[in-house]
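Both of the next two complexes hold chain A, though its partner changes from chain B to chain C.
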Partner chain A sequence: MIRDARKEWGIALLLIAPFLAIYGLVFIYPTIDMFLLSFTDAPLIGEGDYVGTENYTRLVDDRRFGTAFWNTAYFVALSVVPGTAVALFIALAVSRLSGRFQALILAMFFLPYILPVSVIYLIWDWTMNFQFGIAMHVYDLLGIERIPVFKTTTWFIPAVAFITIWWTCGFNILLFLAGLRAIPTEIYEAASLDNAGRWRTFSRVTWPLLWPITALNLTIQLILQLKIFDQVYLFSQGGRPNDNLVMVYYIFQRAFQSNQGGRAAAVAVVLFGIVIIVSVLNFQIMRLAGRKQ
Partner chain B sequence: MKHLTKMTVGAVALAGLSATSAVAQETVVWWDFLAGGDGVRMQQLIEDFNAAHEGEIVIDATTLEWGVPFYTKVQTSVAVGEAPDIMTYHASRIPLAVDQNLLSEITPEDFEAMGLSQDDYAAATWDAVTVDGAQYAVPLDTHPIVLYYNKDLLEAAGRLNEDGTPMGMDSLEGFNETLQALKDNGVAYPLGSVTADGNFMFRTIYSLMGQQDGELMTDGEFLAGDNAEKLTNALTVLANWTNDGLQSTYTDYPATVALFTSGEAAMMINGVWEVPTMVDAYEQGNLFEWGAVELPVIFDHPSTYADSHVFAIPNGNDMSPEKRAAVLEVMSWISQNSLFWATAGHIPAYGPVTQSEDYAAMEPNATYSSLTENMIFDPKTPLAGVAGPIFDVMSTYFVPTLNGEMDPAEAVEEIKYELNDL
Partner chain C sequence: MNAQSARRFNVIGAVLSVLTVLAAVLWAFPIYWGIVSSLKPEDEVVRPYIELWPDNLTFSHYVHAITQTQIGRWYLNSVITAVGTTVITVFTSLLCGYALSQLRFPGRRPLYWLILASFMVPTQTLIINHFVLVANMGLLNSWAGIILPQLIHPVIIIIYKQFFDQMPRDFREAAAMDNASELAILFKVFVPMNWGVTTALAIVTFIWSWNAFLWPFLAATRTEWMTITVGITQVNDAFGVYYARELAAAVLAGLPVALAYLLFQRRVTQAITLSAGIKG
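== the complex of A and B ==
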């Protein structure tokens, strides 16, 4: 059959045109606009004057930016790898169960994931309430001094990281379970015929074959946690917001509280850059690690 | 969309009146952020207004979420020309709103048309809606903080005057004596303080600064001269109450109210908006004998931080003269009928209401309304106001200081740095 390549191109273009138009309108155009905005002193809404790279250079000495940067890094460190590890551990445990019991246990781990963040906030805020929280009674029973968890800088980020893992690990467990089910049982049979112990089976069979899922999980988590905002914002209400800042919170403060669209855009561009660099690095490391195995 | 909404509302309104008249009825689109007890009372006022203006004006009211969401929504709605005809606002946010060109000026002619004038308002309240000599809102109320107290516990500790007010309200020593007496008498928390919420404590601390004539902002600079020292003094008083075990620590807002109403805290500094809570609980027999008075004079003279709920007209709507007249009528009518609004605890801003005999009979409102003479408002800067950046800076350092984690002087240094860095 003689194919008209040009005609096919035309049809292809026609078919993807709606997508391209929408993608350009709601993603490409705003992104370019954000870059341009970051070089102006624009308010949240409206035009601003060109100020060169001032919005960027002042970030160097900006204390709140520093706090936001390091808190974000700290949060990522406390949530990405631990969160993935917890999910893997639970998935391994759940996969040993079977039938309805497995479904029940899985549902229990998945339940927090379907709750909206505001509900998560209310549950934990009351649990940890300094005067009336249930957790505080547990502290009293154990003879530990009560800790105002969300009001101290020492405990704030670790607590929010813990809650985030508790909240979101249901989804990661599902991914891991799917990965575990995809490993053919013959390999396990072969391993047991060769007298491989549990640890050996895990380290030589499960772990390498599950690696693509682990890498995927880590990448999703990394990008998600770099953009952390909701939980930090909610748990900071009335507390010590400027000590608990993370990058997106700082963007929010600049844009919506201080009405400085230009300066907010500059921080957003920096975060954009960080997410790209970290994701590419992460991807390369995962690839290398995967090849080694 | 806007036209569609208008048409729908118009159609509904017309259907309601079809039999009565063909006179054009003005629909006033109204946004407020009044939820809870205030909201119910405002709803009642709106219904009363609609009933009194049947066939002429009807208010189409929507209640939105308080704080940053509300102010952001106003900003975007003005930008795209979808703003309401009238909205509630906080006086403390007016400087930022004017800066953003969000508010339509309320001219002297407008005030004349409403039958309201500067003389009807306290000087501080009038000043709070004024930017560069022009008025941008009509004050509805002022909502200061007051000292709530448990008469039973104070009496048991021997610190209640014969007229039912607490003793020691005129000096730091006197007030400390009252707190100590309560403590010695077995009260867990002599003073319930919202120590977990630095935003909230700003009101108390700023009041104590005002008692020393301290100012947050002078000539565009924060905490210049001895103002830093005055803030340190204020923080030290509160930090000492914590160190001496006289006030609740790390207590958030609902917990503070719970401590007070359950009798674990004998006194509480809180907004007047909690008055209805107490009134209702008392009527249902769930509360002890209680009262509310102006804050104690810890330093030189009485002073209380207040903010105002105001009515404002957003910019950018092409408003017909008839529509604007209707909006002015709404503001005027509700101001003049704001006695009912006082049951929400707020002090009506319109003088003739608070001077009326009916208001004098309302307790504890009539007792604490004397503080209107000693009110101070937020500094006039776009950075001020509820949910504004100043609040965040303050909160960040107030929380550790008020709970004994940070030295007041150190906190003030940090606050000064961050405020001037905004």
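== the complex of A and C ==
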């Protein structure tokens, strides 16, 4: 077949033009703008003067930035590995079932993931309500003293991490289930002929074969949780936002509540850098691991 | 394996199944509790003991939400912005994915790498500049302003490219022999043959967009421009807290996406596994 190269180029341009226009406008331009803004003292809307790297050097002694950074790290620690582990347990349990029964049970575990964060917030704010929440009945039953969970600094991040795992782990369950289905049944038949018990089958067959999916889940979780904002913001309403700051929340606070666009942009650049570095490292580690196998 | 140990294994299996069901019930319970609480009169909601079903079932909180709040307006905003985001995102990604997969043009490789690289960029860090951009365009408090920054889902392009890459070459060549134009090949051959993946991608894009919080929250500074996910948490009753009313609003906000999932369970699953880079 003879290709008319020029005609093909023209059509290709026509097809990619709408995407390129949107991409340039809401992706490339704002990214460049973010870097430029971070070197100025501009308010949220309006011009500012060039201040060099001042916005960055100020972050070193910025107590709120420290809070935001460490809270984010703490949240990541409490959500990524535990969330992936919970998802793996549930996926293993669900994968034993079959047919419509399996679909029903899976739907019950998956449903939270599909709901908007505000619904998750309202449900859990109600469940954990200090006076009337059903979780407090459980506290009473266990003889634990009732606490207004989202108003305390100690319990805020762990509680939000717990709710986040409940909310988002449906996604990871689906990935694990896809991974479990991809393991050939012959391998399990061979294992059962060898009289391998449940634990041996899991540790010698399922776990190693599932490792790529586990790594994928950890990666996705890690990058997702670094960018946490919605839950923290919602549960902080009427609480102690300054103690509960996370990175994106701090960007929001500086830009939209203190009207300091330049200083907020510097925080945004730092988070941008962290996420890119983590992504690249992850990609390299996965590639090396892939080569070794 | 002898008969005795087989029986023991079955017992373990049955116990595991029962535990799984119990865990699932416990897992979904907060959702059930939210729904049931929204169907109780306020005085029943705050009783100091647990009632799994209302004594006096009432829909008054739903009536209140629909007639006495701006929820109708928020629903409209959510429907329009979610459908708008879905149509524009899926359509532009389809065109771009086709060009990347089937056409040879200068800059094809760099474009592909650019799209892959953009997976890493956290859009949450762009909120300041999105806000400035949209404000300068005069689009704060508008449907277009809520939609615009939500149109970046590079993963959809990559999924389309993968699906189009798998199409047999004969289709394109046969169509080209018949002098069919490139657009005709795309819309008469490639799109119909990949209808399933388009449906799946459209459903999840709709769900993502309906559930979006951060950007719609920033883009709407006036209550009448809020989407439902923002409105139900940002506008409170002027007279104290009404738990059942709040929960009724939450049920209304979650209903469309919950239904979309329950009706299209298989498609949602497919799109989600595809979006993580796993072949469904």
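Criterion: the second predicted complex is superposed on the first by the 259 of 293 C-alpha atoms of A that agree within 3 Å, B and C clash if a C-alpha of one lies under 4 Å from a C-alpha of the other, contacts with A are read in each partner's own complex, and residues count from 1 in each chain.
The working rule: contacts are C-beta pairs under 8 Å (C-beta built on N, C-alpha and C of every residue); 3 or more make two chains touch, one makes a residue touch a chain.
Predicted model, so just to flag it, every value in this text is computed and none were measured.
*Asks:* I'd like to know which partner A:N242 touches here: chain B for first, chain C for second, both or neither.
*Replies:* First partner only.
*Asks:* If you stack the two complexes on chain A, which partner ends up touching A:Q131: first (chain B), second (chain C), both, or neither?
*Replies:* Both partners.
*Asks:* Pick one for A:P18: touches chain B only (first), chain C only (second), both, or neither.
*Replies:* second
*Asks:* Just to be sure I read the superposition right, which of the two partners does A:T201 touch: chain B = first, chain C = second, or both, or neither?
*Replies:* Neither: A:T201 stays clear of chain B and chain C.
*Asks:* Tell me which of chain B and chain C touches more residues of chain A.
*Replies:* C
*Asks:* Please indicate which partner A:I45 is in contact with in the superposed arrangement: first for chain B, second for chain C, both, or neither.
*Replies:* In the superposition, A:I45 contacts both chain B and chain C.
*Asks:* Look at A:F256 in the shared chain and tell me whether it touches chain B only, chain C only, both, or neither; answer first, second, both or neither.
*Replies:* The answer is both, since A:F256 touches chain B and chain C.
*Asks:* Please indicate which partner A:F229 is in contact with in the superposed arrangement: first for chain B, second for chain C, both, or neither.
*Replies:* It touches chain C, and chain B stays clear.
*Asks:* Common interface residues of chain A with chain B and chain C?
*Replies:* Touching chain B and chain C on chain A: residues 44-45, 129, 131-132, 237, 256.
*Asks:* Which residues of chain B touch chain A once you look at their complex with the stated criterion?
*Replies:* Within the complex, chain B touches chain A at residues 68, 72, 75-76, 79, 96, 99-100, 194, 196-200, 248-253, 255, 258-259, 382-383, 387-389, 392-393, 395-397, 399-400, 403, 405, 417-418, 421-422.
*Asks:* Touching chain B in the complex: which residues of chain A?
*Replies:* Within the complex, chain A touches chain B at residues 43-46, 62-64, 129-132, 148, 151-152, 237-243, 253, 256-259.
*Asks:* For a test of understanding, state which residues of chain C touch chain A in their complex under the given definition.
*Replies:* Interface residues on the chain C side: 1, 12-13, 16-17, 19-21, 23-25, 27-28, 30-31, 33-34, 37, 45-46, 48-50, 88, 91-93, 95-96, 98-100, 103-106, 108, 111, 118-122, 124-133, 135, 148-149, 151-152, 157, 173, 176-177, 182-183, 207, 210-211, 213-214, 218, 228-230, 232-233, 243, 246-247, 249-251, 253-254, 257-258, 260-262, 265, 268-269, 272-273, 276-278, 280.
*Asks:* Given the complex with chain C, which residues does chain A contribute to the contact?
*Replies:* Within the complex, chain A touches chain C at residues 1, 3, 5, 8-9, 11-13, 15-16, 18-19, 22-23, 25-27, 29-31, 33-34, 37, 44-45, 90, 93-94, 96-97, 103, 105, 107-112, 114-119, 121-124, 126-127, 129, 131-132, 134, 137, 166, 171, 174-175, 178-179, 192, 195, 198, 213, 216, 220, 223, 226-227, 229-230, 234, 237, 248, 251-252, 255-256, 261, 264-265, 268-269, 271-272, 275-276, 279-280.
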